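Both complexes shown next keep chain A, but they swap its partner, so chain B is in the first and chain C is in the second.
And then the complex of A and B:
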């Protein structure tokens, strides 16, 4: 797995490449924007090839911790394989999900400006 | 006669991806031998996901023995069906968990839900000191 962080105004875009499963979640949780609960992020999953329940759990934990600090975790650019995991578990009901990262950043910026 | 591929891996988390990628390749092998179908990606992804969940459960959520025990995976090819069995000699464990309530943001407990949703059958048994998870799916049900 590879993680890159890019700043877009007050929002950090976290792009994940490769696999997010039990063997890689610790690495994600250690990344600066994810480990800072007050930092709103857009998770760009365009190049995430595989997600299992351990990876999903890490994303849900990130969402919960950030919402406790009035920050947001948005998702963009899921492929069909990743979307299938979100839909089976109903995780798509608790995340804001976008097909486009720029649109997700705009929405996250609006959300955080309201707080 | 069924064809069987047997894979034995160390019972360590770093081998979960190897197991799941191999499962996807086994599913693709069945598809190619049957001329495939429109939803091929769902069939290969089902095995990739289910084996990732089962292997991870086996090596990380079971009671830990003094040293990791190997995990043996059988891929059993029938005419239009692929069955995967995952066997280990770790202490007994159960994969039976209630489906999590997403509204309370649980971080665990989705594995069995995913396995049962993407596969046709999932069973878990303990026989002669061995845990056995068995999962099957028909290519064109």
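And then the complex of A and C:
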């Protein structure tokens, strides 16, 4: 798995490439933007090839921790494989999901400005 | 132009309760799934790309509609949240909404359109804003019109709310009456008002009175009278001397001999009065029953693996149970009861033993660690009521007399998948894990997950 972080104003875009499963979630959780609960992030999942329940757990755990500190975790550019996992598990009801990273960043910026 | 179809789960909740075996977005109207009517209209309005957005599951719709190539369009799928406003919907689909003109069809409502009319012209001239609406649904245009017209004629369509069984029945009957003159409807027929699907066997002595719509794989046996005003779904048998008029027989239904279905909807073993919304479930399968497909081979393999695993676990737990159970019972630490829980399959329920081992003493801890409290449940695997691992059994309460729709693929079990995972911190997380593995697990994976669940209790 490869994680890249890009700053877009006050929001960090975290792009994940490869596989997010039990063996790689620790790496994701250690990344600076994810481990900082006050940092709002947009998770770009366009190049995420595989997501299992542990990976989903990492994303949900991140969302929960950030919301406790009034920060947000948004999802952008999900491919069909990942979208189906979100849908099967009803995780799509928890996250705000965008088909465009810039739109997600705009939305996150508005949300953080309101707080 | 592109079209966004935005349908929220709360708008079609009533369908899940009335017809649990049908995905609401595939609810057949005159043997054509609801979503197909929306797609047809979007194409008539000049759309080349359509995106279906919902907060509910779309898997079955996606399996049916695929990528839209059947209609010569691009069809994609996305998610919304129930409270999303129109600007939020457009923002969440920003990459999709690159065209200047976007039509947004919101809500679970039926569009009365006419396939003979060219809606593309209307839609390109109409100003931005809502151009048609009804309670619970509307059609909105975003972006400037391609050309500005001085005077616009009224849009030749109406929206009808599809919000209860009565409106569903009425819309179905109206669609049947209007027939193929107005909509593209499935089936073959050499005269108006009569559409018959593939693999239909009609006995010589039976009578078909127009208007009727008959689906695929239907058998109409001797002396049966179908119509006028009958909609017979797919995979239906109408037995001897029975009559169906002004009624709907939904897919996979058997109508017994000498029955008269008049002004009713039959689905599986349930007969519904659309005017009052009242329904009655028939216990006698010779009268009215559902036609179920046989269990798949994979399911049989899974059951066998679960049975073997249960037998091994029972054998391993038996001696510790016989030693610890009397002691814990004497100490008052073993508390047992009974609970009525939902079974797998609509309307099924059964009574399950519940066990609670209280206290922190060494005996109680040992019994809990060895999962001895699950032994009474393990025995239910042999009766086919439970799986070894799957969903946490959902108790039947006044609020959950019908199993809520969120428990899709529900498979009650002794251990839940969530117990095998370490991250779930609340019931919502546990439900996510359960839904994931209900779809992704294999019989072998089930065994490894059961072992993990057992180890997590040590």
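Here is the rule we use: the second predicted complex is superposed on the first by the 115 of 115 C-alpha atoms of A that agree within 3 Å, B and C clash if a C-alpha of one lies under 4 Å from a C-alpha of the other, contacts with A are read in each partner's own complex, and residues count from 1 in each chain.
Please note the rule applied: a residue touches a chain if its C-beta (ideal position, glycine included) is under 8 Å from a C-beta of that chain, and two chains touch if they have at least 3 such contacts.
On a predicted model such as this, the values are computed, not experimentally measured, just so you know.
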Should the pairing of chain B and chain C on chain A count as a clash or a fit in the superposition? clash
In the overlaid three-chain picture, which partner chain does A:30 touch, first (chain B) or second (chain C), both, or neither? neither
What is the contact status of A:100 with respect to chain B (first) and chain C (second): first, second, both, or neither? second
Touched partner set for A:88, first chain B, second chain C, both or neither: both
Does chain B (first) or chain C (second) touch A:56, or do both, or does neither? both
Once chain A of both complexes is superposed, is A:69 in touch with chain B (first), chain C (second), both, or neither? neither
For A:19, decide between first (touching chain B), second (touching chain C), both and neither. first
With the two structures laid over each other on chain A, which partner does A:47 touch: chain B (first), chain C (second), both, or neither? neither
Would you mind listing the overlap between the chain B footprint and the chain C footprint on chain A? 52-54, 56-58, 60-61, 64, 80, 84-85, 88-91, 93
Looking at the complex, which residues from chain C come into contact with chain A? 55, 57-59, 77-79, 81, 88, 91-96, 406, 417, 421, 423-425, 429, 431-433, 435-437, 439-440
Chain C partner contacts - residues on chain A that touch it in the complex: 52-54, 56-58, 60-61, 64, 77, 80, 83-93, 96-100, 102-103, 106-107
Would you tell me which residues of chain B are touching chain A in their complex? 13-14, 16-17, 20, 41-42, 45, 48-49, 52-53, 56, 60, 100, 102-103, 105-111, 113-114, 117-118
Residue set of chain A touching chain B in the complex reads 19, 21-23, 50, 52-54, 56-58, 60-61, 63-64, 80-81, 84-85, 88-91, 93-94
